[in-house]
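What follows is a group of structures, each given as structure tokens.
Across the two complexes that follow, subunit A remains constant while its partner is subunit B and subsequently subunit C.
And now, the complex of A and B:
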């Protein structure tokens, strides 16, 4: 212990303590309190002691785990769509565009993220709504007889989620794709490889750490997003974060809300663990 | 090294305690700020400015909702705000369960300028262990907002059940919150407020109401989340029939007389928003000053003229604009007033039961 701390020195502790206190006071302690809460009953019931009833309630009531599964499936779908869009865009920016246009294109992707998510989502709502821009022109030019409601359904919601998260896929992929030597691709071409084969055997394997870290970021963002599903999703869509919000804020059931929160944490960890196993990556490699 | 670490820790802790203490003392000594949890529009900027000129107290108003007020104050044990504006039915249960409000000292409230019957009702409904916890401020109702261009039915016959009528499919909106459950309960012949004290019967009613609302969901366009969204939808002609507050309806009436507020056959749902003092309010004196300030007849009328809600201030009627007065006499005839359903105190645990039904509604196809 002594020798170790001597090696680390004062500097280490000066920088370490704020981080440590930050984590302990603002993240670890509140989580411990929430964990305790998730194993107790609401105060007005006057039944002290630990219980699993909050977790049982989740499995007993089909709406809860249906929403849970729905959220997970949609998050995975959104992540895949974002990946499919992100890969070619990143490839174009790193390998095809000239050095000058490259910076310009990156800025172009970044600019929408200078405004807040709320504004971006409202922008889409103005475009898509029944009395919105698309409907206005379509009915004006007689292409559609009646305005069509394009908002408030799952497709609109997925589109919104893809739009708000695509940047977080492109940036990490650009990072790794940059280090791919062009001569590999050229050599493959010379040897007669098809485009698909080049993607499968050269580009994707090389970019795997970037792809996985992009996927993790996007997946976590989508899973935990509240605004977009709430505003664009409409009457049938229920996102699991909304359930947590409802339990805490609307129904004053903090115990159940805490239990839901931990279930979400557990689920996202499991899905990411499975994804890492399936892709044969390890977390150390990915976060590097 | 360990020693150094310890010293550093101690210094940090002392510093943080000292800073926290220092802040508190400063705020208490100066009393120049009144932090208020309120509703959108309840504290107009002009009145905030005038109040600051008169008393030198700066008002920081945070717009909120009943649920948020309770959750925020619950999280801090009743500190962080000096004055709150919960609805009358959301005071007693919260005091009992979380203790986040303190009793009102009515000798500090200028009760002469209040309507005596409203004040008496509020005192009665917010009484807990012999003390009352609220001063009435604003009252209003929720009923139906109707676009008569599309909804041809006789307004006298309209009821909440019309929100489920397939002929308006895709043009109906309401909030997915507890009022729709109570309102639909009344329209289906129950008396939800009488069932509050009987959880099993209330659950039966909730199940019946929930089934009806789920069945009628294909008629619904969307659950509106905030008042502005509803106004936009109605203005654009996307929504024809909605459950909403008279205030929004009257704003639209001014622009388009086709749209108006209609009190449903089974009765409008009436609420009173109050002033309540959070348990750890740091500026109680300022809070009383604000209460007495905004309940002056002229100030209260200014609010009613701008926002459309009624007020507990006694003589405010004298200062109503003709337009506001006309709105009240058009929509709140004596029959409508007699038929209103006033929200009683919500007992603990009710929201949980309702929450499950609301979740089912939201998730239903």
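And now, the complex of A and C:
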């Protein structure tokens, strides 16, 4: 080990300097600048100095904080739905499917997620919209008299968000479920435990780390998503990321947009922090 | 309950049905998008009006549709995305590998804090990353312009700013992939090389990097795909050169023709092949 510490010198800096510059210039300083911007007035007002007016504006205008709360509530709802769908799928793949089909199913659930989110959402749009596939069959067979617009509402948007994020719940859960020894389940079964008892006392507690990782990643993805709510949601179902986009690009009010961005970051950090505290995990384990 | 236990018929049938529905849900939008790319109709919907390749190869002559390969707007966007993905995957793979070495093989003060900063981009929404980098670079560019009269066009919205924005978080993913393999590296091999008189550079070049090659290739593929389909961060940093996802987004929102299906088909096809290759490589890797 002597050799290693002697050679540490320049080898260390070759790795350290680029990584340090990357994190400083593209992660740390931009976020500090965003924070600074959120506390200053728009440049054209020519009023230097710090201000809270951008944040006051957010709380004064119901449309802003309504969107904010709606986004948070819907993100939590989507996370719960994804968990309810993801758990049995992960269970089927790890514990029920025969060992032969297992590998095949794992590849199968991964493939759609390599395809761009835009294309997946587009696929749902051509299925659901008024001139879409479902309406084509429903009117053709006379089940519906007239085509029904199924796109551009909250239900379609939630379904789209579930669709785009479900894999990120399934993969971490498969990871932990794999390590659950089948003999625990067999023992409980032999002792006469009912299915829900096995789920509640054996499977769920064992899978908790994977469930928490999945929930955090899915929650963050949904909260920060832009495409799906924009394309599948209705005209009045704004997502908070769209408010940020509007401030930055449409109204050119970067200071307000920065404040919005920081509020989103703050909310997500708090919710993640609570989830980590409740489960006694740390961020390093979650993102691995 | 699980495959080693006797299951009631009802349980098996319900579970199998659930899984089938899940996979239909997963693949329906992709399949329908692909099929409709070959429909001889002006809108991407049924009824089926016959098979055509016009949405790929049509040149718009004789009132026929203009296919993707003759569509200058989309071809240009495709070119931008392609060059972007090449640049970003090279940069992020280099940086990700550096970061993996730094965090796996070196010890230094504040290592934990820096590690947390490095994994932060996984949980920071892409939109926030986009606006913070936009704010920071604009402030810096304006500062240089006003005080030194230097124009820093590389960090104004445009190709390179998009590249830096994507690089800022894609490097993290590469670092995770490379670290996972570097963790399993037997460091006594390095000691052996040192004892034989190799220096740090030779050890890394001839031994460690050789060992890491599969994960570096995996990192390249992953970063290429992530860059090619990134939307959220890119949206805020684009200039005149619009990459494909942003160009398609505007088309999808304003109503669409099957040319988008044709593009989707090509992307689904190519990414599925990439995904397959990557999965096989990673499977081989775990068998090693």
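By our rule, the second predicted complex is superposed on the first by the 261 of 288 C-alpha atoms of A that agree within 3 Å, B and C clash if a C-alpha of one lies under 4 Å from a C-alpha of the other, contacts with A are read in each partner's own complex, and residues count from 1 in each chain.
The rule we apply is simple: a contact is a pair of C-beta atoms (placed from the backbone, for glycine too) under 8 Å apart; a residue touches a chain by one contact, two chains touch by 3 or more.
Fair warning: this is a prediction, and the values are worked out from it, not measured in the lab.
*Asks:* By the touch definition at the top of the document, which applies to A:164: first (subunit B), second (subunit C), both, or neither?
*Replies:* neither
*Asks:* Does the superposition put A:12 against subunit B (first), subunit C (second), both, or neither?
*Replies:* After superposing on A, A:12 lies in contact with subunit C but is clear of subunit B.
*Asks:* So, A:248: does it touch subunit B (first), subunit C (second), both, or neither?
*Replies:* Touch status of A:248: both partners.
*Asks:* Is A:40 touching anything from subunit B or subunit C once the two structures are fitted on A? First, second, both or neither.
*Replies:* neither
*Asks:* Between subunit B (first) and subunit C (second), which, if any, makes contact with A:61: first, second, both or neither?
*Replies:* Only subunit B is touched by A:61; subunit C is not.
*Asks:* Between subunit B and subunit C, pick out the one touching the greater number of residues of subunit A.
*Replies:* Ranking subunit B and subunit C by residues of subunit A touched puts C first.
*Asks:* For A:71, is the partner it touches subunit B (first), subunit C (second), both, or none of the two (neither)?
*Replies:* After superposition on chain A, A:71 lies in contact with neither partner.
*Asks:* So in the superposed three-chain picture, is A:30 touching just subunit B, just subunit C, both, or none of them (first/second/both/neither)?
*Replies:* It touches subunit C, and subunit B stays clear.
*Asks:* So, A:79: does it touch subunit B (first), subunit C (second), both, or neither?
*Replies:* Once the two structures are laid over each other on A, A:79 reaches no partner at all.
*Asks:* Between subunit B (first) and subunit C (second), which does A:235 come into contact with in this model arrangement: first, second, both, or neither?
*Replies:* After superposition on chain A, A:235 lies in contact with subunit B alone.
*Asks:* Which subunit A residues lie in the overlap of the subunit B contact set and the subunit C contact set?
*Replies:* Common to the two interfaces on subunit A: residues 10, 14, 131, 230-231, 248-249.
*Asks:* Sort out for me which residues of subunit B touch subunit A in the complex.
*Replies:* 1-2, 4-5, 8-9, 12, 67-68, 70-71, 74, 97, 170, 177, 217, 220-223, 225, 236-238, 348-349, 351-352, 354-356, 358-360, 362-365
*Asks:* Provide the residue numbers of subunit A that touch subunit B in the complex, in ascending order.
*Replies:* Listed in rising order, the residues of subunit A that touch subunit B are 2, 5-6, 10, 13-14, 17, 21, 42-45, 61, 63-64, 66-67, 129-131, 149, 152, 230-231, 234-236, 238, 242-243, 246-253, 256.
*Asks:* Which residues of subunit C touch subunit A in the complex?
*Replies:* Touching subunit A: residues 1-5, 15, 18-19, 22-23, 25-30, 32-33, 36, 43-47, 94-95, 98-99, 101-102, 106, 108, 114-129, 131-137, 139, 164-165, 167-168, 171, 176, 190-191, 194-195, 199-201, 204, 225, 228-229, 231-232, 235-236, 245, 248-249, 252-253, 256, 260-261, 264, 267-268, 271-272, 274-276, 279, 283 of subunit C.
*Asks:* Would you mind writing out the residues of subunit A in touch with subunit C in their complex?
*Replies:* Against subunit C, subunit A makes touches at 1, 3-4, 7-8, 10-12, 14-16, 18-20, 22-23, 26-31, 33-34, 37, 85, 88-89, 92, 95-98, 103, 107-112, 114-127, 131-133, 136-137, 163, 182, 185-186, 189, 195, 198, 216-217, 220, 223-227, 230-231, 241, 244-245, 248-249, 254, 257-258, 261, 264-265, 268, 272, 283-284, 287-288.
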